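See the structures that follow.
In the two assemblies presented below, subunit A is common to both, partnered first by subunit B and then by subunit C.
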Partner chain A sequence: MSALLLLLLAPLFTGSLKWLKARLQNRRGPDPFYDYKNLFKLWRKAWIRPQGSSPLFLLAPVASLLGVGLAAAFLPVLPGVSFAGDFLVLVYLLNLGRFFQVLAALDTGSAFGGQGSYRESLVSVLAEPGTVLALGAAGLASGSLSLAAFTPLSQENALVYTLALVALSLALLAEGARLPVDDPTTHLELTMIHEAQLLDHSGPLLALYELSAGMKLLVYAGLIALLLPFGPLSFPAVLLLAWLALGYLETYGVRLRYLRLPDLMSYNTLSGILAVLGVVLRFRI
Partner chain B sequence: METLKQVLGSGRLVALWYDAPHLHYLVEGSEGAPPQEFRVEARKSFPSLAEEFPALDWFERELWEEHGLVPEGYPALKPLRNHHLPYPFERVEGLHEVPVGPVHAGIIEPGHFRFSVLGERIIHLELRLGYQHRGVERLFQGASLERALLLAERAGGESVAHALAFCQAVEVASGVEVPPRACQLRRVLLELERLFGHLGHLAGLFTDIGYAYAATQVGKVRALLQGQLERLTGHRYGRNALTVGGVGFDLDPKTQLEVRRALSELAAEAEAHLFAALKHPMVLDRLRYVGPITQAQARLLGLVGPAARACGLGRDLRQDDALYQPFTPVTRTGGDVLARAQVYIEEVRQGFAYLDRFLSELPTGAVSAGGVWPLQEGELRKAFSRVEAGRGELFYWVRLRGRRVEQVKIVDPSFKNWRALELAVRGMGLPDFPLINKSFDLSYAGCDL
Partner chain C sequence: MNPLIETALILLGLQSLLALLRPPAIGFLPLSLGGSGLLLLLAGLGAWLTGTWGTPLDASAGFYVALLGALYLGVGPYLREYLVHHEPHRARLEAFLLPLFAAAMVGVLLSPPGYTFLFLWEGMALLGYLLIALEGPNGLVGSRAFFLASRLSGAGLFLALILLVRKEPLVGGLGHLVWAGLVLGFGTKAALFPLHAWLPKAHPVAMSPLSALLSGGMVKLGLYGLYRAQDWVGSPPQWVGWLLVGLGLTGAVYALARGLAEEDYKGVLAYSSVENLNLLLAALGAYFLLPNPLFLLAFFFHQAAHALFKGLLFLGSGTLPVRELSRLGGLHRLLPRTATWSFLAALTAAGLPPLAGFLFEWYLYQGFLAAPQGTGAHSLLVLGVGAVALVGALGAVSYVRLFGLTFLGQPRSPQAGDAHEMGIFGQLGMGVLAGLLLGLSLFPAALLRPLEPPLYPVLPLFLALVGLGGGLVYLLSRKPQRAYDTWDCGFNQPGLMGSALTPEMQPHALGYSEQLLRLFPFVELEAHLSREGMLSPPRVRLEVSDWLLALEARLARGYTAFAHRVQHLQSGSLHLYLLLQFLALLFVLGVVWR
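== the complex of A and B ==
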């Protein structure tokens, strides 16, 4: 259920984000529904496959969307699948899609595919511990390791949840390949992280990748929503907030130097660790 | 030869060209002194000086490629623009090689960059250009002055500067006097071109670091400046505005006042955006200490323009121009991307001030030298001229016969500055390369000709 919702919402979110950024920069900008049209256009186009690549090249975009889609199914924004410890499955399903994406980019044999792969792997390694620890801490604080049973933010768990929210917000930027970690609008191959992996994919394959990237962003927004007051009901508010925040950040912000990335992501890990410590030592402020 | 070496040791090579059977070395000594010309006879070969003076490197390879003159003693001779000859890249043992280009993901000019990297760190970079080689100098041969002017405007990235340098060379050769009003109008166009060029470099820098707001705003000012250029000349890049002997347009006092007013508004807007952008701590973090060139390296490579001025070499050809007096070149000492950005910004301020001055006290009179062409049919004349274009010193040498151009030599500032990129990226991270490249923002077409 929630997977379907995110699938339909993702192009609206990314498309209108482009519109918002254009507006903030005093440009007219594309139609907010542009990404639906773009996906439709890409879907009808032909695609080419680099010489010497394996079927993995075709499989990866499907696996990527499948991974994100299954992960989204665990998100209790709408009723869906749920069991104890499902947050771990969610995080690693997201990474499953990336795993195939990295392999496919290496498979093309191009210099940029390889470059994008090792950079994206680094970003993922940096963002993963914080995300898992933050969700684990939230689970421990609510006394249940199932996402559906997470209790919303309250006075009781304010400290732990605040730290977890910091970790998840940073993870959203890193995993969604947004500023200041990555620049989704750049045309410079040498600076690319996420985009460098997609350079060889075209047509429907690119459409699948773009759709899954948009959905991934929304999955992280959904995770943030779970921890806020009213739980899943705050999802629309989180989307709006993330939309505005990303719009402003990508207009007035500057991308970090790539070699400074670990500095930023260490806050993510640190918040995750502190959140767990907060639960374990029962700092229930 | 010995005096040439001596002068090269303390001075800077302006140009090296072949006017059979002599090689001409034009070397500028200490600041302010007129450049000295040295002639060396060369029929099949000439002694190579590139190993001692790296600034001559590309010039000697060019001579070999264009005229078949062999530089004796040149280590590892390989082609510069010719893609039909084998080109062995310098390999660094044990390092990973990253080839980039000549086709890029963005809509930019073609060039090939071969990086030898250790992880994300660039140890060595080798440039391979020549993809834009159109044989411009050959096309000049035998062309009429009108056609030659059209070619000059399309030779490199800066139409006005190229047209001006060509016209000046022809005027010196033929003895045509340019009326004062035309002289000043030419400077107006030159400064407008420099301004929109510099703003383009800055907008590009902001784009590359993901600072979308500043990039759009600075880009907007740039576009509006081009609008003013269009208003004056009918063309957004100022093409067909200059003629041999003057300019091809005039402006009435009303337009003069309106353009002046529009420019002062644009100056205020550019100032506000650029001032704010260079206070942004993350902008400073991205630009500072990235892509440094030392003053010694700049001297060795014979750098020109903002790239040289950012290393503390205070040379700007406008120092010698009577219309610009008093003139102080903008210099910074850092030599990094930030220093180059600061030089661009300071020169934008300076350019707006000169534009205001030129437009407020415009001399009256004709805008073009009329009368008959002074050269007889078949009369031979030679001359060179230099213009401070946005990217640096632009050199033109022409040999005229009557009303036709027999031979030209163009040295675009980009031709001298490209090598600096190879040094600037050493030890830097691979993701910083586009930023360093953009801080020089050199012309591929102007270099490849």
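== the complex of A and C ==
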């Protein structure tokens, strides 16, 4: 259920974000529904198979979308499957999608694909421990390891949840390939991380990749929403907040130098560790 | 004794005998080694699933017998094809020694602690050494490292088992001494972190089917020993648990980072084995500290999964034309089946759901997350979650690098364009392991039933992935498509054919991990620039330097210098010898005076 919701919402989110950014930069910008039209256009086109590529080239966008889509199915935005330890399955399904994407980037033998591949690998290594620690801490503070049973932010767990929220927000930027980690609008192959892996994918394959990138962003937004105390309004609130924040950040912010990424992401890992310690040692404000 | 196991051992013995009497005798390997594997698998699984089944074989020994059986079942047919390419006299020796090695491993599992155990343990180590030593001068460093490690392991076990067989209660410090001996003995075999140094030297040089047996089977016996020691000695003291958890988690991260700086295909696999073993040791150590069944589930399940996927990967490595990652590439075209088997194994090894590797991490995470229910310092075990997450992310990167650089892209050297797929027996061997791996992944409850495991919905997830994925792939493959050159920034001229990209433009094996390794200061990559002449382009050479290897080299130098010093005692001077004898006499008198 939530997978379908996110599938439908993702193009709206990314498309209207482009519109918002254009407005902030005093441009007219594309229609907020542009991404739906773009995906539909891409889906109808022919696709190009680079010479010497393996079946993985075709499998990767499919696996990437399915990984994110099935991960979204475990998100209790709408009622769905739920069991103890489901957040781990969610995180690792996201990994499944990325594994195929990073591998397919090596498939064509292109220089940029390889570059994108190891850059994305570094980002994933930096972001994953913090994410798992933050979600683990939230689970411990709620007394249940299932996402549906996470208790919202309250006086009791304020410190732990704040730290977890910091970690998850940084993970959203890194995994969603957004500024300051990666610039989604860059046209220069040398500076790309996420886009460099998609250079050789075209038509419907590119459509699947773009859809999965948008959905991944929403999955992280959904995870953040689970920790907030506004009930069913949490998810829309987080989406609105992320929409505004990303629009602002990508208009007025600059991209971080790639080799400085560990400095930024160390805050992610550190807040994850502190959040877990906060539960164990019972930190209170 | 169990008739199935008896038959299996007789089969292995007959194969050895046959290799002695009738020179090649390779043709019978699928029947003897593979057949004994099937029998062992059945016998072991029976014992594991039903509790006890015959005296020497209880549930936990049965598990390991089944694990070895599964490996033999795959390696048997493969070996038949592999040994054909060896010179006849060497193949004969290998066909003679390898079944004995296989039988010794089973024997270790069947024997109670004591002299038989020690004898079989040492026999297994010796046979393993001889098999690696057959590689000749190329394998010298590896076989010597293996031999040294076996000595160290034997020393620890002699100490522990001799104290154990006295049948006297272990009072005071003796219990600690026994456990120290066991950790040294079994830990060395199971590549516990600072004692692992032999494994990445020995396993890559062994022939591929032997590497599969070593990495998949033999090292697991170290884990078996540590687990089984609870029955022999009683529950371990706290420090054993903390030691295993601490060294295990450190070692797992270290081995992955070091593996990223490795250029040898089998070297990467060996470091991955070190990582998996250390993680398993950490799970066992955590079980010693907090007897949570989740740790036990993780411990047992991953040993089976690791044996299968590592066996499969090592068997696959036997097909590669060269072993250096920087000379491989694009092999999926020449070796489509090996690529498929290796891809399945790599997916499992990277810990991706719904395959077996993920379930291990799932149990491990939940085990560590249950730690705050413990008391005092035990609740700090929860930080293991972070270490496991780091290991999971790094493991995925390591297998992307391994598979991507070997099987995808363009060939990086002429040799990579000259590879031949294994024939029917080789494919059969790999196919058996792949089938078992897939079965284990999809039906984990079949193996874990005695432990009553909690599970996530594995099969629905798999069906959803395969069903939806298959549908999408079908839709995409029906869309119009055409082949074209890879994007090269528009450098290819309109009139010319082909892309301007050359194989050298692909990521280099060490270049791929260079930026990642900046996170880990204990492994360093140094770039050296050199230029042959004014007009030739500069060449970049990357060199790996590693703190632990530097320490090892220093230790070796110190030991040599010490040995040199001590040699003065053997100078041939009669006076010195008399003085030494006198001092020894005084010492003995002093000891017995009481």
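We adopt the following convention: the second predicted complex is superposed on the first by the 280 of 285 C-alpha atoms of A that agree within 3 Å, B and C clash if a C-alpha of one lies under 4 Å from a C-alpha of the other, contacts with A are read in each partner's own complex, and residues count from 1 in each chain.
Keep this in mind: a residue touches a chain if its C-beta (ideal position, glycine included) is under 8 Å from a C-beta of that chain, and two chains touch if they have at least 3 such contacts.
Quantities reported herein were computed from a predicted structural model and do not represent experimental measurements.
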Message = Quick check on the superposition: with subunit A as the shared anchor, is it clash or fit for subunit B versus subunit C?
response = clash
Query = Given the touch rule stated above, what does A:P229 touch, subunit B (first), subunit C (second), both, or neither?
reply = neither
Query = Is A:L70 touching the first partner subunit B, the second partner subunit C, both, or neither of them?
reply = second
Ask   = In this superposed model, does subunit C or subunit B come into contact with more residues of subunit A?
value = C
Task = For A:L24, decide between first (touching subunit B), second (touching subunit C), both and neither.
result = first
Ask   = Once the shared chain is lined up, is A:V62 touching subunit B (first), subunit C (second), both, or neither of them?
value = second
Task = Check whether A:H187 is in contact with subunit B, with subunit C, with both or with neither, and answer first, second, both or neither.
result = first
Inquiry  = Contacts for A:Q115 in the overlay, against subunit B (first) and subunit C (second): which applies, first, second, both or neither?
reply    = both
Task = Once the structures are superposed on A, label A:L199 by its partner contacts, choosing first (subunit B), second (subunit C), both or neither.
result = both
Task = Would you check which partner chain A:P79 touches, where first means subunit B only, second means subunit C only, and both and neither mean what they say?
result = neither
Query = Is A:L259 in contact with subunit B, with subunit C, with both, or with neither (first, second, both, neither)?
reply = both
Intersection of the subunit A residues that touch subunit B with those that touch subunit C = 111, 115, 189, 199, 258-259
Note = Residue positions on subunit C within touch of subunit A in the complex are 329-330, 332-333, 339, 347, 350-353, 358, 361-362, 365-366, 369, 372, 379-380, 382-383, 385-386, 388-390, 392-394, 396-397, 400-401, 403-405, 407-410, 454, 456-457, 461, 464-465, 468-469, 472-473, 475-477, 479-489, 499, 501, 503, 505-507, 511-513, 515-516, 518-519
Ask   = What residues on subunit B touch subunit A, complex-wise?
value = 98-100, 104-107, 120, 207-213, 216-217, 220, 280, 282-283, 285-286, 429-435
Key: subunit A - residues contacting subunit C, complex   = 46-54, 56, 58-59, 62-63, 65-66, 69-70, 81, 83-86, 88-89, 92-93, 95-96, 98-99, 102-103, 106-112, 114-115, 117-119, 121-122, 124-126, 128-129, 131-133, 136, 139-140, 145, 189, 199-200, 203-205, 208, 258-259, 262, 269, 272-273, 276-277, 279-280
Request  = Using the touch rule from the top, collect the residues of subunit A that touch subunit B in their complex.
outcome  = 21, 24-27, 111, 115, 179-180, 183, 185-191, 199, 250-260
